[in-house]
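Chain lettering (A, B, C and D) follows the sequence in which the chains are written, and residue indices restart at 1 in each chain.
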Amino acid sequence: MMQQNFEPKIIAFCCNWCSYAGADLAGTGRLKYSENIRIVRVPCSSRVEVQMILRAFQNGADGVMVAGCHPGDCHYDTGNYHTRRRMVLLKSLVSFMGMDPERLLVKWISGNEAARFQETVDSFNDQLKKLGPSNKVRDQRCEI
Amino acid sequence: MRDINKEIIEIAQELLESNKVDMVLGYTKGERPDQTFPFIAKTKEEAERLTFDYYSYNSLSKYLLDDMYQGKKIAIFLKGCDFRGLKLMIGEDRVKREDLHLIGLDCPGVKRGESVSPYCLSCRLNNVPKEEVDTKISTSLEPLVERKYSHEESFSEINDIEKMSNEERFEYWKRQLSRCKRCYSCRNGCPVCTCRVCLFDRENPGYIDGATDQLAQHQFYHVIRAFHVADRCVGCGECSRVCPENIPLHLLSQKLIRELEKFYGTYTTGVDELPTPLSTAKANDPDHFGKEVK
Amino acid sequence: MTQTIKFDSLSSLFNALKEVEKDYQIFCPTKQDGTEVFLPLVEIKEDNLKATYEILSKNEPPLFSIKSFLFPNSEIYLKFKREKDSYEFSVHSQEETPTVVLGGKPCDVESFGMIDMVFLQEPVDTFYQQKRENTILITSVCNQKGPNCLCDEFGVDKCKPKVSDILLVLGEQTTQKDEAVYLEAVSERGENFLEKLDKSTESEGESNTPNLEGEIHQKDVEKLSPEKIKDIMENLYDSPIWAEFAMRCLGCGICTYYCPTCHCYDINDFHRKDKGVRYRSWDSCMFSNFSNMAGGHNPRPSKEDRIKNRFFHKLNYFVKQQGPLACVGCGRCAKNCPAGISIGTVLKKIGVGKHV
Amino acid sequence: MCKNPLVPVNGKVIEIISESKDVKTFRVKPETEINQLPGQCAMISLFGIGEAIFSISSPPNRELLDFSIKRTGKLTDILHQIEEGQQVGIRGPYGNYFPAEDMKGKNLLFIGGGIGLAPLRSLIEYALDNKDDYENIQLIYGARTPEDLIFRKDIFEKWPRMDNFTVNLAVDVESPSWDGYVGFVPQYLEELAPTPENTVAITCGPPIMIKFVLNTLEKLGFRDEQVVTTLEYKMKCGIGKCGRCNIDEKYVCKDGPVFYLKELKQMKNDFC
């Protein structure tokens, strides 16, 4: 069920070398993508620790996206292999605890894949709209 | 059969008398028959109080990281799981093997209070290999549980949870986690939780927040605690045992162990070589994020 | 004036309590997922009653102390909002509905006497005071000591605690040996509550609580003298026993969080965008960042310093500040500490009381 | 219902003075008067960030309260970024104060190190306000480098020009811009050797400096009741309830921060 007027908040951790460049290219190419995304530039997708992702959810994100170079293209050779191992595990743990693993998206986007970046963000945005606001992992204190 | 306590005391006294070690880290009886606690014997007289029984559940190897133990020669009694935890610490250069005199025990399974530790039911590495320790206790106690090791059965508890719907799982953990008082005993008792400064103790950025009325804060703590020891877990079950609120924390670790196994093959901490599965990564790992999601 | 009401059984007491539920928030102990918890009365179902009865009849305190009802684990007390450069803040209003906490043990309620000394002395902590005045404590009395109990030693009367509103006595604890449940008012607040309860029930009404049966009298137990223990502690400052304890201490917060008399707290802010709250939450002197200062200086850097400080606070500092020993002998530290460090082991180590 | 002591009142930062690269003085006007005595502290809060206790560096009866704050932690980091006009929360005053009454008719010897001059300044200015009550004033003050000296206007211009006021400055390490004394404060104190006769010494600084200063003062013949110090601990409530700032049974927030050396010596715990 699509919620009316719900604009999800998306935090995207983008690797400096590929995905951020991809986002940049999307910008210069005037490809329009959802403005619900807030990009955090990280040196490598493996820089993204679990605590950062959870903290984003806690503080109000409805979805978190981790984007890095395609496997094999990592600027630091093996960084994204680590991301891959870690994120698979985090997703299973999160779903084991009954939270929504679909709210965490991991994607490989290279520096020239502006269209892919646009597509990814938009489809994630649509998916989150369907899911509605995330309230399982959110700190409720400011809502009193 | 010889009395295990007699053997323990003899070994400890011999080590202390010959000045091979400064202290012996073992167990002693508490106030009540169902209490056994960690104990440090520094003299021959103190060594007489050493014991080992079904209630010797604490993991002693964790203590070695404390400042108070640095630079001392220490003899330490080890159950199977504690031994594997210690091996990890040695492998990661957190303790010096040459400062230690390892005394291996055959663990009969342990319990806290009346309940047998869930992990012990499916433990197959309860005995410390003789060739890897300096002294091996030859006598052993009657096993507390009849072990019929089956790899699948050892995960039966998490299967039950996995069968639930997402909502049911969420409610289950919500109920369990909201009892958490954030006493950090699960972290402090864990033999493989070995960071010098824990991220939860860092004030800047203050990752954790003192509020215990927020489920989000509990989730944050427990997901990250479990995750940080995911590939290092030796399966001692100390996290669940020390928890005064009986939160089944070992289930989180079990789940992670099984997932790791599914994706990257079996790895047994303290038996297999380092690095642990999460401190390495390979090009040919399965890629779950490559496929397009439509 | 209502003094004592007799109920035929625990479930008839609960039915009576349900009648007054709209005016009170009522909490009772029961078991959930195999663990003792306090739940609101509405959530206590018929099949929980057995567990509740067991907890009430046990001569041992429930897993968690009831101090969290008066001094919550974490409580928001300030709300604020930012508008451009200015902030608006207001005190977060607390619930005004009177609370009834059923099932605390005498040691638990006596601990409020000690927390009162600190929180109600000038400047008065009004958040605590408000809850204190708004809460009716129904104490489930003991007729025997449990395995970890030191109530007699610390001068807590396990049958008739000084701090309480209503005493709850189970028939099986008395000479009657029946299933009845007696409520006896011991304060004005308690009397008023019983009167309301009386009107709403068809129980037998006024009667007298029969005599308790068991080791109700302190048997050969010498009450600990705060002064004496304080003096003994004076000489133990440089004693090696603290290092010994520290060597096996895990450094967790179990002892402080489960202790009914511990009352240290932390104050923090939480904010998101333009809204925020200030809350206070329990803190533990056993944590290294408890006294760590921003510049990096820590007056109590080692576990030894912290464990020493904790027991000195209980057995020496508190005596100097307020008079009594800061312990009610509930034995939760003995029950829950994974390393076996408790007030009992400390007393034994310092050579006080052969009985402990 | 009466007001809870943990609830602050509004205040406004009127002026911010940069003292050194990591110290700023915030001049705050509280909505309701604080009425502090020299040496007392107050809690400053930034909503959403937190609270911390600071000593008030201005003397009583001024329109504005001065807080000289060094950038060291989470709250002070943000405090250093705020601008004039910022709204803050303030509650206090907390703790005891310098025994200004007992000091009447005596010489005052102030020994400060680094940011430790902040609490001393309230008493110095108070003594200057009541010049007739006190004899000579001497200040021995040191910092790591010349740039770290705070209250530069006071120590270089205002105070040296006053009658019966001596200012002795020191820095820890040599620097091209410094032609004064180079060395640690306790050392300088020993060399200057002020007389203990009819004098009260008041000291504040890093714990290790206080420790050595106390030793030196004893060497110079100061008796325990002639030495006063003010301490700093981590505090949360400021009213002796949250339980973290104790030295023995004394709470620094309530029974301190000002202690006579006599009191410190009776304590079993080291103050630093």
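Brief remarks on what is shown
The rule we apply is simple: a contact is a pair of C-beta atoms (placed from the backbone, for glycine too) under 8 Å apart; a residue touches a chain by one contact, two chains touch by 3 or more.
Note that the structure is a prediction, hence the values are computed from the model and not measured.
Looking at which of A-B and B-D shares more C-beta pairs in contact, the answer is the pair A-B. Of all the chains, the one whose CA centre sits at the greatest distance from that of chain A is D.
In this assembly, the C-alpha centroid of chain A lies 34 Å from the C-alpha centroid of chain B. Chain A and chain D have CA centres that are 49 Å apart.
Our note on geometry: chain C versus chain D, Cα centroid distance of 40 Å, whole angstroms.
Touching of two or more other chains is recorded for residues 203, 206, 209, 211, 214 of chain B.
In chain D, 73-74 are the positions where the chain touches two or more neighbouring chains simultaneously. In chain C, 266, 268, 270-271, 276, 279, 283, 292, 294 are the positions where the chain touches two or more neighbouring chains simultaneously.
Contacting chain pairs in the structure are A-B, A-C, B-C, B-D, C-D. Interface of chain C with chain B (complex): residues 32-35, 37, 63-64, 72-75, 147-148, 243-244, 246-248, 250-254, 257-258, 266, 268, 270, 279, 281-284, 287-289, 292, 294, 302-304, 334, 336, 338-340, 344-345.
Within the complex, the chain C residues that touch chain D are 77-78, 80, 82, 85-87, 89, 91, 118-119, 123-127, 130, 237, 263-271, 276, 278, 280, 283, 285, 290-295, 297, 299, 309, 312-313, 316-318, 320-321. Interface residues of chain A, counted against chain B in their complex, comprise 50-51, 54-55, 57-58, 71-72, 78, 81-82, 84-90, 92-100, 105-108, 123, 136-141. Listing the residues of chain B that touch chain C in their complex gives 30-32, 35, 37-40, 58, 62-63, 66-69, 175-176, 179, 181-185, 187-189, 201, 203, 206, 209-214, 241-242, 244-246.
On the chain D side of its complex with chain C, the touching residues are 1-8, 10, 45, 47-52, 72-76, 85-87, 89, 207, 232-234, 236-237, 239-249, 268-272.
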